[in-house]
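Have a look at the structure that comes next, please.
Which chain is which? They are A, B, C, D and E, in the order written, and residues in each are numbered from 1.
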Amino acid sequence: MSGMSKIVKTIASLAFPFVMIYGLYIIAHGHLTPGGGFQGGAIVASGAAMILVAYGSVWTMGKVKEKHLSTLESTGAIVFIGTAILGLLFAGVFFNNFLFDSNLIFNIVPTGGSTVGILNSAGTLPIMNFAVGLKVVAGLFAIVLVMAYATTKMGGNEK
Amino acid sequence: MIPLANPVPYIAVIGLVLVGLFAVVFKRNLIKIVIGITIIESGVNLFLITLGYRENSIAPIYTSSPGGLMSLPVPQALTLTSIVIGVAVLALMISFIVHIYRHYNTLDASKIRGDEE
Amino acid sequence: MSKRNFAAVIFFTIVAVFLFFTALMMHPFGIFDDNNQPEMDDRIIDNSQTETGANNAVTGVVFDYRGFDTLGEATVLFTAVAGVILVFRRLKK
Amino acid sequence: MLDQIISTFETGSGFWNPLVWLTALVIAFLIIYILRGFGKREYKKGTDQTQAFLSGNPEYEKDKMHVKANNVYWGFTESLKSVYNFFDKMHTGNVSDYVLWFVIIMGILFLIFGVI
Amino acid sequence: MNDILSILVNHSPALIVAVPLFGAFLTPLVGMINDKLRNVFVIFITLLTGFFAVILVNEVFTNGIKTYCFGAENPSVNPVVRIFFEVDGMSAFMALIAVILPIVAVIYSWGFAKEETGQSKYYTLILLMTAGILGMVLTGDMFNFFVFLEITSISSAALVAFWTNKKNSVQAAFKYIVISSIGALMVLFAIAIFYGQYNALNMAVIANSIGFGFLDKIALVVLIAALTMKAAIAPMHMWLPDAYSGAPSPVTVVIVGTTLASLYGVFRVVFTIYGKQFLTILRSFGDFAVTPSLIIGVFIVVLAVLTMIIGVFMALKSNNFKRMIGYAAVAEIGYMILAVGSAISTYFIPTGTTTVTMAEHGKMALTGGIFHMINDALDIGLLFLVAGAVYYATKETSLNKLGGLSRKMKYTTVFFLIGLFAVSGLPPMNGFASKLIIYQSTYQVNPVLAIVAILCSIMLLAVFVKVFHSAFLGPEISSIKNVKEVPRSMLIAMGILAALIIFFGLFPEFVITNIVEPAKNALLNSSEYISAILGGV
């Protein structure tokens, strides 16, 4: 697949930054508004998939290797489980929200009831949101990319 | 004493599950079988999310909320997990189908058999 | 109709009937009466701000109360990616 | 610790101690070995004594002498052909059938619990 | 030093899952540096997991049930909102099985998978599978169980399709994932019913508040059907020979663990969650009372007899080495559930209608069934490793094309003989010890069951004698003349399993009193499981 027409390519590359910003917003505000790492990650990954469809899998494979995506995904996963293990080291329980109500970042405790959201709250939750977001972006895009590339190679008359 | 208050959402759930199961049992095309599994999964997800609804409630989010009764958050979290798992399973099943088609040149489930030896 | 489809239809109908009754027997949609209060969820709604600091109770559940499930879920996605890459890898000839 | 390891194991209607059994086995083998010593020593290597005798026919190549797995227990499968036909029909290899069996088991269990 | 150890013991339920997960996430990165380093790393991770498993098991067997809450030191238990790990004797027993198999598999893979591409992903998935099995057997939360069930099924399905150039592997993987995803979705359906009724996901809480109404019956049926399908009980066993024969041998060894973990799920649901309602009298005919335990027990026994018979008959006919062992594995599963089914139907009976001796026999049958689980894992594992070694040396699994291997592969032949003795229940191997218990106790329940079991065992012997004759004995076959003994790592892996088999066989009483009895007691006392979380409520 060598990609679609010029119109599609242009529009896809124009829309991609907006999709990405929107996805990042969803990830960053996961602990305040509807959304979170998975949802935002899926949005960014679908933006990337749009680029993939517009430009074709061979071109995209030239820019991004599945190895890099795999590394990125591993990094996300390690950050996620690492946060959980840090909870074990600092607070004595696996998966403890050790940043919450501490004197580091993300430490503001919201007053109860309906409030305006404070981004700097919720302890380890934003970190985990970002880790999961990274993981989902890399993971979903890797799945789409690998499948598209492999089927392009296999397609045609080859049995 | 069957409570007939409003079982329509639950009936929709069961309908989805049955439609999916029907597709898996009676359809021969592998893609349709996969679609059937996806439908079962949607049914179960709908079941979970249905259990979380409370009458006259708002989303369980405090950021500028109007206040009042909130719907249950746990089923929403479970559904989120279940959806992601569904995506993962779907991706893997589709990749197997790609390979099966390469080997067998057909998607007829009754012709996809292993070697006896 | 083949023998197989005949058996399939019969047992499918049985399963359908029983599942249909399941739908009727569930607690009424959206109504929680006095002896069926969602204690677990009410506790989460009441305490998610003070215990996790998240305004979004769902995120509180996903990443704090049931954080281990989310680790499992992330692992599932990781597994699927590893599986897809493994299945589409280049085989040595 | 040691007596716990080698203790006899009671099954409720019998007992089993592998070490005693092993001892018995070793003694039995010793007796057999001694008995074997009484046998005749007329076996000579390199003579016709070691040749296979196929009613006077020449011996086949080594490959062909080996009974293949397909032919082992041929009589058993042949005499139980009806049973095997049934089992073969069951193992269709079709994934829909696999799920159908699941539906059938679920239906049977539903019926049992529903009727009682 | 003691402080560190006690901290480790305290956190071992979390670490035992976290370590293989962490290792799995790290493996692709380590794999970029060096192949050998990655193999060492993976073996180290599995050994570390094994270490945590051993200290956890030791703790559980000496101090009783261990619970671990994720996320809070002093969690609220009324209601239970957080995820709990609850390790009782049965979980600890399963954890032992679940760590032995991956250790063997990764050691074996060092030699076996040397020539393959994609090894990083391969080892990653094996570690994920390990983590999944451990999570399944240790968790005390229904939804968590579902999540780990999915992890194991996805990773094992991907590994079944490891040889994508073989159509057998790919179709087996597809069938396996269809079966397991439907099973998992049905489990989720039952979990949703529980959640809707009791607003709880914790097993102990559900077990505490469970009744036996219509919805509970539906949930029970769906759970039993789905989990027995995943545990390959006839007539839902057909995916097993496909998947076992399609997968590379070391992977199959770990998949044996996933099958047993699903069986553990059946036990957990039946014994713990529904344990309180076992004696509800559904209907009585005069003196004869129909209870859930009777129905479930008889149903399981019927399926068990079917499983054994179908397993051995199909194995006898099969001409593919791995497929044959797959069918033998089905038959072995039949033995376990035969014992457990007869235990359920005799032990859980309304007071006054049973005799004390009968309940004792039921208990003994349960011991035999549980003991047979670990024996089955070891025996079938060893046989699959031998099949893998034969495949590695000859690139052939069809028994028709094999012959005379014992001339070149001496050690493999010895290991095969040990596996043959063990799986067909010949003394002094471990299979004999557990099968003896099963024969004797089921004979007290119903003599027909014991006779069927013994006949099936004889046929299993016949099956493997056929393999021994056609693959290992006989003259050298000209088409596979250049056979060599397999690399040392594979021999070491087979040796570990063989040593365990002989140890278990020679000292059955030691093994039973130390690891099987606690598991049995844990299954029989569901109230202990409940009070460990709810604190004597």
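Keep in mind that, in the parts below, a residue touches a chain if its C-beta (ideal position, glycine included) is under 8 Å from a C-beta of that chain, and two chains touch if they have at least 3 such contacts.
Just so it is clear, the structure is predicted and the values come from calculations on it, not from any experiment.
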Count the C-beta contact pairs for B-E and for C-D, then tell me which is higher. B-E
Farthest from chain B by Cα centre, which chain is it? Let me know. D
Whole-Å distance, chain B centre to chain C centre, using C-alpha means? 9
Inter-centroid spacing, chain C versus chain A (mean Cα positions, whole Å): 22
Taking each chain's centre as the mean of its CA atoms, how far is chain B from chain D in angstrom? 45
Between chain D and chain A, distance of the C-alpha-averaged centres to the nearest whole Å: 56
Going by the contact rule already set, what residues in chain E reach two or more other chains? 21, 25, 28, 70-71, 143, 147, 150, 154, 157-158, 161, 164, 174, 178, 182, 196, 201, 218, 242, 319, 398, 400
Please output the residue numbers of chain B that touch at least 2 other chains, ranges allowed. 17, 21, 24-26, 30, 33, 61-63, 74, 78, 80-81, 84-85, 87-89, 91-92, 95-96, 99, 112-114
Would you please write down the residue numbers of chain A that are in contact with two or more other chains? 32-34, 36, 38, 70, 74, 77, 81, 84, 94-95, 97, 110, 113, 115, 117, 136, 140, 143, 147, 150
Touching pairs of chains in this structure are A-B, A-C, A-E, B-C, B-D, B-E, C-D, C-E, D-E
The residues of chain C that touch chain E in their complex are 18-19, 21-22, 25-27, 36-41, 43-44, 64-69, 71-73, 75-76, 78-80, 82-92
Chain A-facing residues of chain E, complex: 11, 14-15, 18, 21-22, 25-26, 28-29, 32, 68-73
Which bits of chain E are touching chain B when the two form their complex? 143, 147, 150, 154, 157-158, 161, 164, 167-168, 170-174, 177-178, 181-182, 185, 188-189, 192, 195-196, 201, 242, 245-246, 318-320, 323, 397-398, 400
Given the complex with chain C, which residues does chain D contribute to the contact? 97, 100, 103-104, 106-108, 110-111, 114
Listed in rising order, chain A residues that touch chain B in their complex are 32-34, 36, 38, 110, 113-117, 136, 140, 143, 147, 150-151, 154, 159
